[in-house]
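The block underneath contains the structure these notes are about, expressed in C-alpha cells.
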C-alpha cells in the first residue's frame, strides 16, 4: 500500500522553544530575509510556533502551536494553481514544484493556514554562508512560492536507504528536521497508512484535533491538545 | 432632406482625423512620458524582483490585482452597454456605442496586463495559456486564473470584433474622402468595402448575433473575476453574492468611465452636436440605478456577515467598518452611494458638471471597493497570528498611474485614427426623424439645462 | 609572472603534493587558486561526525553532517578555492546522554559561526586607535612573535599576565589555568553575566556540592519552578526539555503538575499548568511560606530539611515569620493559594522545586536559593527519583580564583589575553570595563569576530571554529551519570586560524624563559588523548555533612534606585535566541521570532497592559528606560505576562561592534544596570535595578514582529463590536 | 467587363431605379446597390437578406463547446494530477471553460461568415464610386465585356434624377 505521510504535534509537550524553526531553516535552505525585509513582512518560516495569550495578568496563559503546511487532503491551495505547481502526490504530500511555479501567489491566498512563503527577491547568502546549504534541497529563485515539504528529501533518502539495505521501511526511519530536533519530542512523523506507526495511532488520540477543522481541508497534521492538571485521587 | 455632401455629419466626425492641434501633441507627450515611467517601473520590478512592491506575507495581492479588477470592471462600460442598447434598439445609443466599445477594448488590454505584472516570474506568463508548457502538462482548468484567461480572451476577441466590424464602412468613407498615403492605409483597412446591400445586411446580422453573444460573455467575465476571490477560503471572499455583485459594480464603474470619456470627447473634439444632454442624462439615470443596485449588494453582503457572526469574517468586517480600513471604507460608501444618490436623484442637480463629478467619485469609490475586497480579507485570515497589513510602494503607484495615462493616451490616439462616433450609424439614426433639433439650439447658445 | 601551463601545474602537484596555484584563463588580476583536496569524500554522500556545541555551558553532544563542496578558503596567506568536506547541518547526538539526538534552537544555528561572513580569516594587528576596530592582516609568525615578545617582557613580573574567559569547565580551561600557573600568573579571570555562582554557593551550603543541580523532570510528579527558564536558556535547557517531554506525555499514570513562579512570564512559564505572578525577588519568601505550611500541617517534620533546613534562620521553629498571611503581603500571592500549593507540593510527590535565573540575581539571591533547597529537602526530594540530584563528577576544577569584579578592583595587568568573553558588552557600564581595558598596555584576543571587547585588542589570534578543532565538554549537570565529551574536528579549517590551546602551547615553547615545568603536551589534541584523571566516585545522593554554617535569613531584596523616582523594577532576561548577546551575530537567530513577543531583529521593553495605558503608550512606541546609571531607548511590547510595576527587556541586542548582523541594532539593557552585587559571591545582581519609563515617540519601525495578533480570538464578534 | 451605374441622392429614387431595372428584365442578382448606410425602410434594402447566418453561429458554438470539452477532459486525463481532492475530470470548473469557448466559437463563426459571404476582404472592384461616401446611392449593373448595357442605361435614366455613369467599354 502506498504511504500516506502525516504528522502529529503534541501541544502538551511543545515548549515553544523553536528548535524546530531553526532546524527547518538549516535543512531546507530557507533564506534569511534580513531586518528591513522582515520588517516588511517577508520573513520566511515554513514552520512557525504560533503564540496566543489567554486571559489577563495575573491569570494569564499562553498557548503555543507549531504551524507548518498541513498537507491537506483537500488542500485549497492546489486547485487554484494554474500550472499544477501545487498538487497532491501519491503519498499524500502537498507538493510544490518550484520549476512550474510562476508566482501568481494564489495558492498562498487560498491557504487557510498562511503557511506558504514567497520569494520576493532572489535569495542571497552572504559568502560564505552559502556553504551551510543543504545540497539535497534546491534553492528557490525569485517569484517562486515555497513551503514545508515534510522534508521530502529525507523521505526520499529514507526510502532509498531502506531499499538499498533490502528491508522494509520502519516507523521512525524517516524524520523531518523539525521532528529530529524537537527537544521535547512533541512532533511525531510517520505513515498514516501503517496503522502500527506512532503517528497513525496518535492521530486517533482522543486529544487529537485538526487546525481549522471546519474549513474542510482534511489536514494530515493532527494536534494533540494540551491537557490540564487534575488533582489525583488521594487515597 | 439633404443627405449628401452638404450634410456636415461626415465632415464633423472625420475632422479630428485630419486636423491636429498643438495641445494634442503636448498631451500625447505628457501621457507617453507617464506611460514610459510605468514601463520603467515595471522593468525595475522585473529586474529586482516583485518584492519592490508592497505585497508581503500574508497580503500576497495588493494594488496590482486591485487595478486588474478595476480595469476589467471599467471594460464593462462599452461592449455590454452597447450590446444591450443595440438589442433593445435604443435610438440614443448611436453616438455612444463606439466611444463605449473603445473603452472596453483598451480597459481589457490594460486590465489583462496586471495579472502579468503581478506574477513572480512574468517572463513565464504564457504558461497560463492552454498549451502543454512544462513537461507536457497543460494548464489546470480548475484554476480560476485559467478561467480568467479564457473569459478575458473571449471577451477581448468579441469586443475587438464588435468594435472593428462597424468601423469598416467608416474606413471606406475616409478612404473615399482622402488621398495619398492616408487613402491607401484606410483603403486597406476598409477591406474593399463597397456598401452593397449584401454587405450591409451581413454586417447588421453579424452585429445582431454578436450583441446577443457578447452579453453573457461580459457577465461571465466579471463573474469569473469575482471567482478569483470567491473560490478561495478567505474571510469575506468566499461568498456567493460575488458574481452579481462584481458584475453590477463593473457596470457601475464602466458607466462612470464612459460618462467621463464622453464628456472629455465632447469638449475636446467639439462634438456637442452629437453627444447631447439626453445621452448624459440617460447614462446618469443608468448610473443612479447601478448605484442603488450596488448599495443593495453591499448591504446584503454586510448584513449576512454581521448576522452570521463568524469570527474570522467579523475580523474583516470590523477592520473595514471601524478599524484600519474604515476611512477608505466610508470614503467608498460616500463616493459610490451617498453622492450618486444624492445628486442624480434630483433632476435639478443632474447637470453635466454634476454627472461628471459623480462619475469621478464613482471611479474612486469603485477602485476603493476592489482594494477593500482584496486586502482586508488577506490581512485577517483565520489564524490571527498571521494577520498582516499592506502599504503600497512607489513602483506599484507609478505603474497604476501609468495605466490611467495609458488609457487616456490610447483613447486619444484612437480618436485620431478612427471616427469616435460611427458615421454610418449616425446616418441611419438620422433617417426617419431629424434628431432632436432642440438640442442643437441649446448647444449653439452654450447653455446646458436639464431636459424636460 | 609567467602563466602556468597545465603540464607544469601537474608537475608541481606531483612534487609538492600539497598545494599549487593555477592561473585562471589568462586573466592575471583575477586568479583563482585551487588547493588540492587532501581528503576523500564521495560527492553527494553525507558523513556524520561528532562534535560538541560550544554556545552555552550545557555542553551538548552534536553530530555534524559533512558533505563535500567547493569552499573559498584562506590558507597560508593566500585566498583560494578547494573541494573539501563541509559541515552542512548539526543534529543532536543520539548517543549523547544530554542531547539524546535532539538539539536546541541555538545549537541548530551554531553552524553559522563557522560560515559567518565577518569571521576573521587570519591574525590581525591593530592599525587604528584602540577601539576604532581597524586592524591589518598579519602572518602567524609575526603574530606569534608579537605575543611572545610581550609575554617575555612580562616574564619579570609574571603576575602582570591575565586571561579573561568564561566560567566554563573542561580541559581547555585546565590548559589555560596550567599555563598561567606555570608562567607564574594568577588564575584566570572569568566573567559571564548569567553565571550561576550564587546557586553553586547555595548548593555547597545546603548539600555540600558546589555544583549546579540536575532535575529528574522525567519522573517527577510535581514541578515547582521559581523563575528558572529551564526549558529556554537556563542550566541545561536541552536536557530539561527532553525530560519535560517525557514528563508531560509518554509515561503512564497521572499527569504531573508544573507550577511556575515568576514576575514575568518566560518561555518556560508559558508551558506551566499554573502560573503565579510574584513580586520580583520574593520567590524565596514564597518557598519558605510553603515550607511553613508543610511543617505546620504536619505533612513533613522540620528536621526533614536536614542540613539544607539548617541553613535557614528559624527553620527548626517552623518558620514562624512565614505564615501564609505574612507571605501574601511580601509576595502578592494569596494566602489560600499558598496553603493549597504547599499541600499539593507535599502530597503529590515526587516533587521538585527549582530556582534559577532572576530570583538569584538579587541582593538576597543566596537566601532565595537556600530557601528552595530547604523546601526540596523538606519533602525528601534530594537524591531521589523525580527529585533533584547532582551529576557525579571528577574533581571539580578549582573555581576561578578571580571574578571580573575582583580583577577590575585591582590595577590592570600588563598583558591580557581574551578568550571568548565580551565584558565590554555584557557588564554594566557602571563597571567601566572599557576604561579598565584601555589601561592595559597589551591585549590579545583569540576571538573569531571583532566585538566590543576585542575591538580594544592590539592583536587578534583567531581561533578555529568549534567544527574545525578538537572540542570537549564536561557539563556539571543535565544527566544522572557523569558526562565528558571529546570530539575531533568535523572539517578542516577554512582559514588561517589556529586552535587557541595550540597557540598557547606554541607560545609557551617559544618563551625566552621556558615555563617550568614545561607543559607536557605538544598540542591540545595530545592533551585530550592523554588519560584524564579518573572521576572520583561520588554517590548519586549527596553526602549530608553536618558542618555547621551560620543560618541565613531571608530578607526582602534591596533594589537600586528609589521607588518614587524609579517606579519600575527592571528585569533583563537572556533572550531565547541571542542568549547573553554572544549569539547576536547569527542571522538565523536574529530572524527567529521570540517565543513570547514574536519579535525579530529587535530590542523591546515589555510593559504590562495597564501600565502602558496609564503612560499613554501603544505597542511599538519608543520609550526611554532610565536607571540611576544610564538610559536607553527601545520600542515597547505591551504584554499581559508581566506585572504592572515591572519592565522586562531581553539581553542580546545593542551591540556597537559585532558583525554586520548585530552592530547598531537595538539597545543593551545590561548597560544601564546598577553595579549591585549578591554579597556572598560578588555576582552581579542583574535583576536589582529600578528604572523609570518615559514615552519618547510613536512607533519608529524598529520593532519587527512576526505575528499579527496576540490573541487567538480577538474580540471581533458582533456583540462587542 | 463593362458596367453602368447611376448615383442618386435619395433612397426613393433608388427604389424607383431598382423597380425600373426589374421592369426592364434585369435579374435581381445583377442589380447592385451601394450606399454609405443601410436602408432598412426601403424594399431594396432587404435584397439578399438571409437568416442562415444564425445557424452558422450556432454551429460555431457547438464546435467551440466540443473543442472545450475535449481540451479539458483529455488534458486532465493525460496527466492525472490530483488537486484539492477534486475529481481528475472536474465537471464544474470545466463548464466555465466550455462556456467561454462555446461563445468564442459562435463569435468567430459569425465573423467568418460575415467576411466570406460579404466577400471581404477584397480589392475595391471597378464598379464603385467614391461619391457613395458622400451620401449618394449607387445603382448599377455589371456585365461581361461586350454585352450591351443600353437597356440598363435607359432604365436608370428613366428615374429622372441622378447621374448615369459608365465603367469600362
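Per-chain numbering from 1; labels A, B, C and D assigned in written order.
Note that in this section a residue touches a chain if its C-beta (ideal position, glycine included) is under 8 Å from a C-beta of that chain, and two chains touch if they have at least 3 such contacts.
It should be emphasised that the depicted structure is a prediction, and the values quoted were computed from it without experimental measurement.
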item: Pair with more cross-chain C-beta pairs in contact, given A-B and A-D; value: A-B
item: Chain of greatest Cα-centre distance to chain C; value: D
item: Chain closest to the assembly centre - both centres taken as Cα means; value: A
item: Rounded Å distance between chain A and chain B, as computed from the means of their C-alpha atoms; value: 44
item: Interchain centroid distance [CA atoms averaged], chain A/chain D, Å; value: 64
item: Interchain centroid distance [CA atoms averaged], chain A/chain C, Å; value: 30
item: Between chain C and chain D, centroid-to-centroid distance (C-alpha), Å; value: 89
item: Chain C residues counted as touching two or more neighbouring chains; value: 598, 707, 711-712
item: Residues of chain B whose C-beta touches two or more other chains; value: 58, 137, 140, 142-143, 146, 384-386, 388-389
item: Chain D, residues touching no fewer than two other chains; value: 81, 83-84, 86, 90, 93
item: Touching residues (chain side chain B, partner chain A) in the complex; value: 48-51, 54-61, 115, 118-122, 124-125, 127-128, 133-134, 137, 139-140, 142-146, 149, 228, 231-234, 378, 381-386, 388-389
item: Chain C residues touching chain B - in the complex, by the definition given at the top; value: 598, 707-709, 711-714, 716-718, 721
item: Chain B contact footprint on chain A (complex, rising order); value: 37, 40-44, 48, 50-52, 65, 67, 76, 79-84, 99-106, 108-110, 112-114, 117-122, 142-145, 211-212, 215, 217
item: Chain A - residues contacting chain D, complex; value: 73-81, 84, 86-88, 218
item: Residue numbers on chain C that touch chain A, as the complex places them; value: 44, 67, 69, 71-72, 86-92, 101-109, 111-112, 115-117, 231-232, 237-238, 241-242, 244-246, 248-250, 254-258, 265, 267-271, 273-277, 344, 347-348, 494, 576-577, 587-593, 595-596, 598, 600-601, 608-610, 640-644, 660, 665, 701, 704, 706-707, 710-712
